[in-house]
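Please see the structure below; I have some questions.
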Amino acid sequence: MSEINQAAQSDVESQTDEPKRIPQPDKITNKDLMKSWFGWWWANEVNHTFDRMLAPAFCFGLIPALKKLYKDHDELAKAFQRHLLFFNTQATWGGGTLTGVTISLEEARAKAMANGEQPISEDMINNTKVGLMGPLAGIGDSIDSGTVQYIFIAIFLPFAQKGNFLGALLPFLCFAIATFTYGYYFTKLGYSLGRAAAKEIMTGGRMAGIIDGLGVLGLYMMGILAGQYINIKSYFKFTINDKTFDIQQILNTILPGILPLTAVLLLYLYFQKQGLKITRGLLYLTGALILLSIFYII
Amino acid sequence: MHVTLSVWQALLIAIWVALVESRILGFATLTMRFSPLMTGMMVGIIMGDLKSAMIVTAAIQLVYMGFVAPGGALPAEPAIATAIAVPVALLGHMSPQGAIAIAVPVGLLGSYLYQFRFFLNTFALKPMDKFAAEGNARGLRLSIMGIPTIISFLLFIPLIFIALYFGAPVISGVVSNITHGTVIHVLNSVGGGLAALGIAVIMQVIGKQKLLPFFFLAYFMSVAFAKLQINMTIYAIFGTIFAILYVMFTSNRASDKA
Amino acid sequence: MHVTLSVWQALLIAIWVALVESRILGFATLTMRFSPLMTGMMVGIIMGDLKSAMIVTAAIQLVYMGFVAPGGALPAEPAIATAIAVPVALLGHMSPQGAIAIAVPVGLLGSYLYQFRFFLNTFALKPMDKFAAEGNARGLRLSIMGIPTIISFLLFIPLIFIALYFGAPVISGVVSNITHGTVIHVLNSVGGGLAALGIAVIMQVIGKQKLLPFFFLAYFMSVAFAKLQINMTIYAIFGTIFAILYVMFTSNRASDKA
Amino acid sequence: MSEINQAAQSDVESQTDEPKRIPQPDKITNKDLMKSWFGWWWANEVNHTFDRMLAPAFCFGLIPALKKLYKDHDELAKAFQRHLLFFNTQATWGGGTLTGVTISLEEARAKAMANGEQPISEDMINNTKVGLMGPLAGIGDSIDSGTVQYIFIAIFLPFAQKGNFLGALLPFLCFAIATFTYGYYFTKLGYSLGRAAAKEIMTGGRMAGIIDGLGVLGLYMMGILAGQYINIKSYFKFTINDKTFDIQQILNTILPGILPLTAVLLLYLYFQKQGLKITRGLLYLTGALILLSIFYII
Amino acid sequence: MHVTLSVWQALLIAIWVALVESRILGFATLTMRFSPLMTGMMVGIIMGDLKSAMIVTAAIQLVYMGFVAPGGALPAEPAIATAIAVPVALLGHMSPQGAIAIAVPVGLLGSYLYQFRFFLNTFALKPMDKFAAEGNARGLRLSIMGIPTIISFLLFIPLIFIALYFGAPVISGVVSNITHGTVIHVLNSVGGGLAALGIAVIMQVIGKQKLLPFFFLAYFMSVAFAKLQINMTIYAIFGTIFAILYVMFTSNRASDKA
Amino acid sequence: MSEINQAAQSDVESQTDEPKRIPQPDKITNKDLMKSWFGWWWANEVNHTFDRMLAPAFCFGLIPALKKLYKDHDELAKAFQRHLLFFNTQATWGGGTLTGVTISLEEARAKAMANGEQPISEDMINNTKVGLMGPLAGIGDSIDSGTVQYIFIAIFLPFAQKGNFLGALLPFLCFAIATFTYGYYFTKLGYSLGRAAAKEIMTGGRMAGIIDGLGVLGLYMMGILAGQYINIKSYFKFTINDKTFDIQQILNTILPGILPLTAVLLLYLYFQKQGLKITRGLLYLTGALILLSIFYII
């Protein structure tokens, strides 16, 4: 089975000191940023799944940019792969900004590889995404979905109440135009912030420290997400002569949160031993969840 | 409620719902999904009574005012609710209140359908990963956009069509049957557990085993402080502070100037 | 309530209040401010009916028993309440309970007045800083003690005098007018925000940018744990522990003997 | 405008290795401690403001001691200035103790400067004050205002209830005498503890570590105080066709505590760029607060 | 209730209780102590009416279903309760419900007795420490098992015997007298405070003064977060994380490969 | 008075670099593990006290193993002493496992001492016990007392309700046999895990770091236990003319948890100054507690 366990290998490669030489990348223009922003905007929640969340859309958006940056086929494939991993954020504040930031970091990486310099590592790109996606999602959901959307709806609601179709069309159009516009602005902003950061990183000679720091942040955020997104609890209760035994309650006195953690750690160890065989992991996990839940064990 | 929709009307409405729920119209479909308004308008056009449809829809809108879906879960699917409730209301000459009574349980069921879509989408991941590994941009694009869209269409069009064509009574029966059954339980459990995969993958990709204590620190902070409902941004700030301190404490440049 | 105070009586009471509220009599004025007793005694002496004044005052004391003002905010100003309520009670031959009914809203308004004083005192800071920069001890002393005292006298004497001389009805009108108005809102907002200045100054003076993460850590701990109402001393202990660990982890003497 | 931005500069100076030579200080006697304690006691809450709190009184109390220690005019002025910055504590437990501690540290600093040795830095003096003032305030308020005061009142209340003026006079006198007495005791205690600590610091050769540690504590306590003392929240709500948008609630979903933090950070950055122009900062801040609150934005 | 037990019956039951409560029968005595069943059976055998005894006991069991004793404190001592209540019920031909009414207060008092045993056991510690210091294994064994057993026998046998022999009324009088008195208060206070000794000893033995900040960190975390009722295992995980980070930050191998 | 303050001295000794030479220990067999497990199982809560908790039983269980390991009389005595200090855990999950772990560590220590190598220190053995006992207690209480026990009781309860004595006997027997069996299994598991860990520690050359780490964990857990097990609060209230003063409430505004902490710290300082005179500490503490509680001060 053709699994993407090269990701794990490429990771190792990126830490050795002999970076691969690749052809010079093309320059990233505003048009490219617009293409990427539009790609993300369009694909946004189309391929939403529980285990990758919005990563496919993120990768979809980056395709044109990555093709300009990585003329080397292998590197292009690896870039595709690394942007297909678990990713979730809000569309404009999160996705716009991170599209820009990611393109700038990929550009710096591609350039360094072309020049035979020590490139920004995949880790750094991943951890930056992972560290920022959560808080930006919170901000974006609150503002876009929670406020901007309902402001427009509230303004035009009286039209609808009177039976006028503008009460439906205008909120939609206003929301679509407003968010598309500032989302693109965030993309450009992210790109220029990312460029500045990339330059700072590559000249500052503090790369190792920054990678570690981003690793801390990334793993920390994964811990928080695991605590908040994964929802596995035991529904298993049994009653013997009127005395009820509630497994989840017993688990709570032992270690609250033990089931979600176990799931993550089992998968982590599986990948650790077998390489990053995501599809298999998905099959096993789904199978286990279905089996356990059919019998109401979870 | 003895008058029904024509086949074409039912089909058109079903297609509209599939367009919205597949999200194929881009990010802005979000507001079509969260709000009943656009769906109400389309139903009105299709049924040839835009004015009444808008009035009923405005009443439904009030019920769903302020819904947000952080992390994917919307407590109800207003567009689906509307697609079913407005025709029923128009045909049966019901009051907006009557329409709401139909909309609420349908919206709830719709929410399960939408989450079922997340689950079905996982079938698109395998070809996607393959194309990515091959560096095949065309295939990649297709698998990201094409397959899930087809899935959504196959899921929503028949269901909505049947529901509309055979009427509301059928629906409410189905609703109550399904929501209490094992199917929903399994769906919920799988949905609740699948995020573990994505997280494990990222952990693997970050790949620094020595930093795993920070994962555990975060996990158990979020468990121990669950009652305090601490905001995600605050956790991100804590994470950043720990990252900075980690770098400070493991580098030897600590005594530099401020 | 048709009998009123003489000009002199009203003036003397107003001066007493200004003495107490300006705090010019030293730290122990605190108990004159927190408790109605001394003010009640002075009013009794001035009005020539010490005994009745003390009895009314003792009743008022029970209302304010146990008030504390950490960080400056006292929920009511008992001295001001007493200075108004006792004369009204004595002149109108009211019961102590009647006096309490007057005292409570006046005490509340007094609390706003006292905070307004904090605000006015900021005008004394500019000359104070100037004298300090010049190393002028005399000027410094004057600006610290003199200007605020004058401010308090100008603030309290006229207000209290008018209130006493024109009687209680005027006061209660004023009270209800002001407490709901924009003036109080602005005062509260300015009061609530000004502490930011002092804190920013100290941060600047400590001056170690590399240590700023600890500021953010503390800030967001205090925000995230707000519901737990964690005691300041416990936070100070956490701060001390972090400080010790910081020194441990950034120095290279870590492997020394215990 | 004659601003006290020298404070910031002197800070830099105190970290360079060439301390300035100043004349030998006079010896601090018990009488001096009494003078300083009385000064603080007297001025205590006279010049209370929101942004300096009780700092003026603290400086007022120190004046006689500082004059004996810094015969050099410039150093005296700087000493005045550094004790006029934000300071808040309870009068006896906090103020008494810190008056003693501060005099001892200032004495050690002055002596070292006179002898051409590396002096205790301004930072260390500031951070010591800042780190201790909060907890001592809690202790003192609880004991003095919350307990001692009401014990005396409760004891003599029956006199008052019978119309006897002793019911007013005695609680006041007892409280005044008791607190004055033990406050002076705390001043002397603080002075001798401070002397011991100063000696330990100056001979231990661990000054740099201690300064950093105190900096951590100081900044940490500032963070806590910022979280608890600064009270800025938005009152801005608007209603469009019956749907209400509450700005503070939206801000809370983005980042609780964002407004107070913004205020502090803006001021901090202002001082960072423009020097420590406190009066201007005060004017701008007050202006902004008034403006925003008049329109009920905050 | 005029019929009483014979001396031998009372004595045998008392001895049984002492065996259970002294825990001399090994860990599995735990379930004899937590559950009334075995005690009820023994009482039935001794009194020659196993069947009735079991029925009454089963009723009592329901009251104590689910009791756990983390750290030593069981809210009631079911074995003692049963040893008193079952004979009384059998002799008085009471209903199981009547037996429960007697069992509950006796169980409560029993819990105090059991804690008093902890206190008396401290007398065995001195010889134990002596034998240990001498490396005397025999003496050590004896002091660990022998002395506490004797103490428990001396404590429980007379008390239970008297209670059984002189009847239930005496007991209930004693119960209410003692539980509200100073004796219990002192016992509680001593019990509550003695753990300080063991902890101080361990701290001394660990002996690394430079690591004391972690003691304070933990202590004040547990105080500050008391309301969140954080699980001990989570705290242990935090402790482990801090330990790992401490080692990371004080060693100089930080920049090694993951 | 013959106090066991040698413990403190031996501690110092174990950190010097010249370990004492002792005779070769005998091999630990499965039979020895069974003897120790049975010893702990039997003595388990017999000598339960508030200040040592179940330590005597733990030591009791170890006696046969320790006698095979330490042929040197002094070392044997010291081993006895170190296992008589405060120890509390659940019998099977905690006690079984830790009996095994401890024997393996003691064995490694004894062997190293016999071979003149740097032995595993007493600290490490103590801290391992102390760090693990709490969580294992939680797990064990929840499973054994809270679940397993009541499952058996519930199953056989109908027998009892019908007056059949099997309703009493069977739950007891099942519980006794089940727990004895898996407790022994945990002992063996603990022993082999401990052996692996001991080997890893002794060859890894990271002993110092691990000891420190275990010290952190040990002290951390002591802090948690102090916060949760020690229960000292003031019951002292007095009322003057209807105004009530509640000392515990006042203490809470000053520093919650101050009384238990004071008790621990006083004892700690006492031992620090006077050596580890446990019996005296016990006497003083009990005396103080009785005195204070008789007058309802605590």
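We just call them A, B, C, D, E and F in the order they show up, numbering each chain from 1.
To be clear about the criterion, contacts are C-beta pairs under 8 Å (C-beta built on N, C-alpha and C of every residue); 3 or more make two chains touch, one makes a residue touch a chain.
Note that this is a predicted model, so its numbers are computed, not measured.
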### Query
Quick one: which chains contact chain C and chain D both?
B, F
## Note on the structure
C-D, B-D or C-F checked against A-B; over half of contact pairs coincide for C-D
## Note on the structure
Of E-F and C-F, the pair joined by more C-beta contact pairs is E-F
### chain A and chain F: spacing of chain centres that average the CA atoms, whole Å
46
### Task
Mind checking the centre-to-centre distance between chain A and chain E? Centres are C-alpha means, answer in whole Å.
54
### Contacts with two or more other chains, residues of chain E listed in rising order
65-66, 207-208, 211, 216-217, 220, 223-225, 228, 231, 233-234, 237-238, 244, 249-252, 255
### Summary
Going by residue number, chain A touches two or more other chains at 138-139, 141-142, 146, 150, 153-154, 157, 243, 253-256
### Pairwise chain contacts, counting only pairs that touch as defined
A-B, A-D, A-E, A-F, B-C, B-D, B-E, C-D, C-E, C-F, D-F, E-F
### Query
What part of chain C is in contact with chain E in the complex they form?
225, 228, 230-231, 234, 237-238, 241, 244-245, 248-249, 252, 254-256, 258
### Task
Can you check the complex and tell me which residues of chain B touch chain D?
65-66, 231, 233-234, 255
### Task
Going by the contact rule at the top, pick out the chain E residues touching chain F in the complex.
22-24, 26-32, 34-35, 37-38, 40-41, 44-45, 50-52, 54-55, 57-58, 61, 65-66, 68-72, 117-119, 121-122, 124-126, 128-135, 137, 140-141, 144-145, 147-149, 182, 185-186, 188-208, 211-212, 214-224, 226, 231-233, 235-240, 242-244, 246-247, 250-251
### Query
Which bits of chain A are touching chain F when the two form their complex?
240-243, 245, 250, 253-255
### Summary
Listed in rising order, the residues of chain A that touch chain B in the complex are 2-4, 6-8, 11, 41-53, 55-57, 59-60, 63, 67, 73-74, 76-77, 80-82, 84-86, 88, 91-92, 122-123, 126-127, 130-132, 134-135, 137-139, 141-142, 145-146, 149-150, 152-154, 157, 159-165, 167-169, 171-172, 175-176, 179-180, 183, 209-210, 212-232, 235, 256-257, 260-261, 263-265, 267-268, 270-272, 276, 278-279, 281-282, 285-286, 289-290, 292-294, 296, 298
